[in-house]
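The following pair of complexes shares a single chain, chain A, combined with chain B in the former and chain C in the latter.
Moving on, here comes the complex of A and B:
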């Protein structure tokens, strides 16, 4: 019974802010705060015309998609190597790749800013944001795929080779099998995207900073 | 009998580990050949070098007279049934079976469908084509893996411990089916197994492997009756070992066997070279017998005391102590009508025959 109360309370705390958002969408005030000031639909008109908002949405989408593609590609390679092959100083290398997972994001962010601006003397752009996101997201991807690759029967790929596929054309057979490896993987996949969204929407320093700039500049 | 597979001086190293040591082996067309040995003896590695899934470090693998060096697995005339079966989970049964036909442009869709039906019928899975492969039982997966390999009509079918995941009843049934299938298709089968009984039941010839080497290569009967070393004798079936002293080696061999006394055996009972001096005499439990009350024999008898009784239903295994031997003799007796199961401590007579002895250095 107490568990049920906990579960309900958990859902209320989690979703109450989301329920509030649509209410404030019709509130006739520029600040999100109670008491409600009056009813208006002006914000929806604003949404259509505010070009800086459009630009930032476009930027966010671009960054998210590119980050997802790049970190998944890198993650597949690293997780496959980590789970299925032996090589020198494997533990050290894998640990190093996973490091951003345990470092506070603000530290990673500040050090990246120093590296990009002062050492490489590059300007900040969407691509530097993408690079930073990939750094953070790849370890998540590896952690999840690692489990899936460990569950994957190495004979699957060998069977494909034995039945006439070459070493490289046999890979998709293995990876298709991986994708269908069951609930475990699908669950992990969902978890990964959730964390990805969290990490890009929350507290990751260079991204919001850059996004603000692109809004004001756009 | 023509040689289909020839291995010459095959060696395989994993770093410092010497997995295969100077393997020379010839496997004939149409043969059911088994590689038998304890885990880690190199039998699976040897099978994989034939399949092309593993490169040899040194030596030559020839299949059908062609040197297979540099020929990858997909281009070899071999197909494999994996220990885990390696059924593609995202494909249906029929798609799994048809997997190897995907690149065959000379076949129409109808040809392929007919071949898949035939292959499934051959392994007793007619009508299972549309099923999802993850919904199959262990025995059915095994059959799908077989059909998937056999549909390509390979010269050699390689089976890597294919029955080890099945329960005992299923395993015995599949053993018989595999023998029948092999006779039907006439393809050379190479089976890897650690189960000596399975190897004896199924094979035309067996290579027993230890630590990367072939210990003995022979037909099942020779292997069982005339093992050429103590470790082969120990690995295959049960064997009692008695201390022995070789007195004279010639056309016949005179040996003094602990507990049994002085005997003369013929040369084929000594499969390895013997010298005068210390040796061991091996004797199988079923070639010894207990003389029950009312039974008579022309054979030799020795007094003993029952030390342990293990009842199996059809058989009873007795451990019987005899004078002059530290280890009791293990004796297998059929539980025939009228034969009691003896109690521990019963004094009894053990029937033996020098023709069942094998003398090993």
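Moving on, here comes the complex of A and C:
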């Protein structure tokens, strides 16, 4: 019972900052502080007229969409290879691809900065941001897709090929029906818990794939 | 060539893994190599002098500020890790052992939802909670517990630790939860049947079996917190800056990429060394369970 009280207190701690967000969206003051000044919807009107805000939102959306597409594609390659095939130095290669998960971000950031600016002498742009995000997001995608792919019986793909599908088209036929849970969550966000679950199970405690799936809510 | 590659299982696997592998090689291994190389060079006003030198490292050792910053960063990361994992363990335990199986995913969902909002926004909102006119101060003033606002909770190390402990909560909860879920419940019954009480069963059966999850949680919180510079930048004030801020300053404001590179290398080596020692210390919990 005391554990339940602790759990609820902990949820309050987790949600405290999030709950404040909508409160200040309707607060009639330019500084974010208590006591509250009064109710207003002016800030939402300002959203419509602020030009630089619109550009920023467009940039963010563009970066997010491109990053999601590219890292999902790379993630599908890696997760499928990891789940379906045995190949030389597999553990080493998979570990290498998952490494951005644990590298401190400042180090990834400055090393990419050095390469882009000092070595290739290129300017920074949305595409350099996308390139860096894809590097960091691909391991997330792999972790999430792993759960779905590992549940899959390779014989389903063989059956699809026996029935006349090519190796490539057997992939959507067989996988994307069953791999749906992983896919779906992948698009929702960089689902932190998925990353953790699978990455930790990878190095320390391989959880049964079924369990990872059930955790993903699929 | 292509046919030969696709005819064997190993070949097909390698072919499929090559795009993400080469991406990581190009955008991670190559830049990391470049950073190490840079750390042995010097910045000469606008150009980089590429003669090999250990001057950057000598400077890091000689000037006390770098050592102090690194020490403070390691200390903050260690405290954040301990706080986060200690707070997270009971939650993971509660969800794994006391929640009905069909409610477990709901609880995990509840735990992860707050982390779908932007990291930056969460940091800003912690400022609102901890600030001079913030939630905590106004609340305590209104109740009458304090006469003037508390100032030790924002723009110092405490604020950085609180914010980071919040930001990394799910990173600690989920690996521990996975490890707890894998524990065969009949082992606990066996322990009770053999005469151990609840507390001893926890310490002699549950906790040792959950250790791989705890170790994973510690590493996954400790390593990235060293590299976090947004939180100390916004919450740390003048006295709460960490090594990551110094690395960023060297690269951008001070335009001394080689010294920044050397600092990054030193920070990376310290984190790796501490993590390896930690894994070695805990190897008896990890053995035979991989």
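The definition used in the following text is that the second predicted complex is superposed on the first by the 173 of 218 C-alpha atoms of A that agree within 3 Å, B and C clash if a C-alpha of one lies under 4 Å from a C-alpha of the other, contacts with A are read in each partner's own complex, and residues count from 1 in each chain.
Basically, a contact is a pair of C-beta atoms (placed from the backbone, for glycine too) under 8 Å apart; a residue touches a chain by one contact, two chains touch by 3 or more.
Not measured: the values here are computed from a predicted model.
When the shared chain is aligned, chain C comes close enough to touch A:18, but chain B does not.
After overlaying the two complexes on the shared chain, residue contacts for A:114 are found with chain C alone; chain B is out of touch. In the overlay built on the shared chain, the residue A:49 is in contact with neither chain B nor chain C. In the superposition on chain A, A:30 makes contact with neither chain B nor chain C. Legend: residue contacts after superposition of the two complexes on their common chain; A:161 is shown touching chain B, with no touch to chain C.
Residue by residue along chain A, chain B and chain C are tallied for touches, and C comes out ahead.
Comparing the two interfaces of chain A, the one with chain B and the one with chain C have no residue in common. Those residues of chain A that touch chain B in the shared complex are 153, 155-156, 158-167, 170, 173, 176-177, 179-181. Put simply, chain C touches chain A in their complex at residues 9-14, 16-21, 23-25, 27-32, 34-35, 38, 48, 87, 90-91, 93-95, 98, 104-105, 107-117, 121-122, 124-129, 131-135, 137-138, 166, 169-171, 173-175, 177-179, 181-182, 212-213, 215-217, 219-220, 223-224, 226-229, 244, 247-248, 251, 257, 260-261, 264, 267-268, 271, 286, 289-290. The touching residues of chain A, counted against chain C in their complex, run 3-4, 6-7, 10-11, 13-18, 20-21, 24, 32-35, 73-75, 77-78, 80-82, 84-88, 90, 93-94, 96-97, 99-108, 110-115, 118-119, 131-132, 134-135, 138, 142, 189, 191-193, 196-197, 199-201, 203-208, 211-212, 214-217.
Put simply, chain B touches chain A in their complex at residues 51, 53, 72-74, 78-80, 82-86, 88-90, 99-100, 102-103, 148-149, 152.
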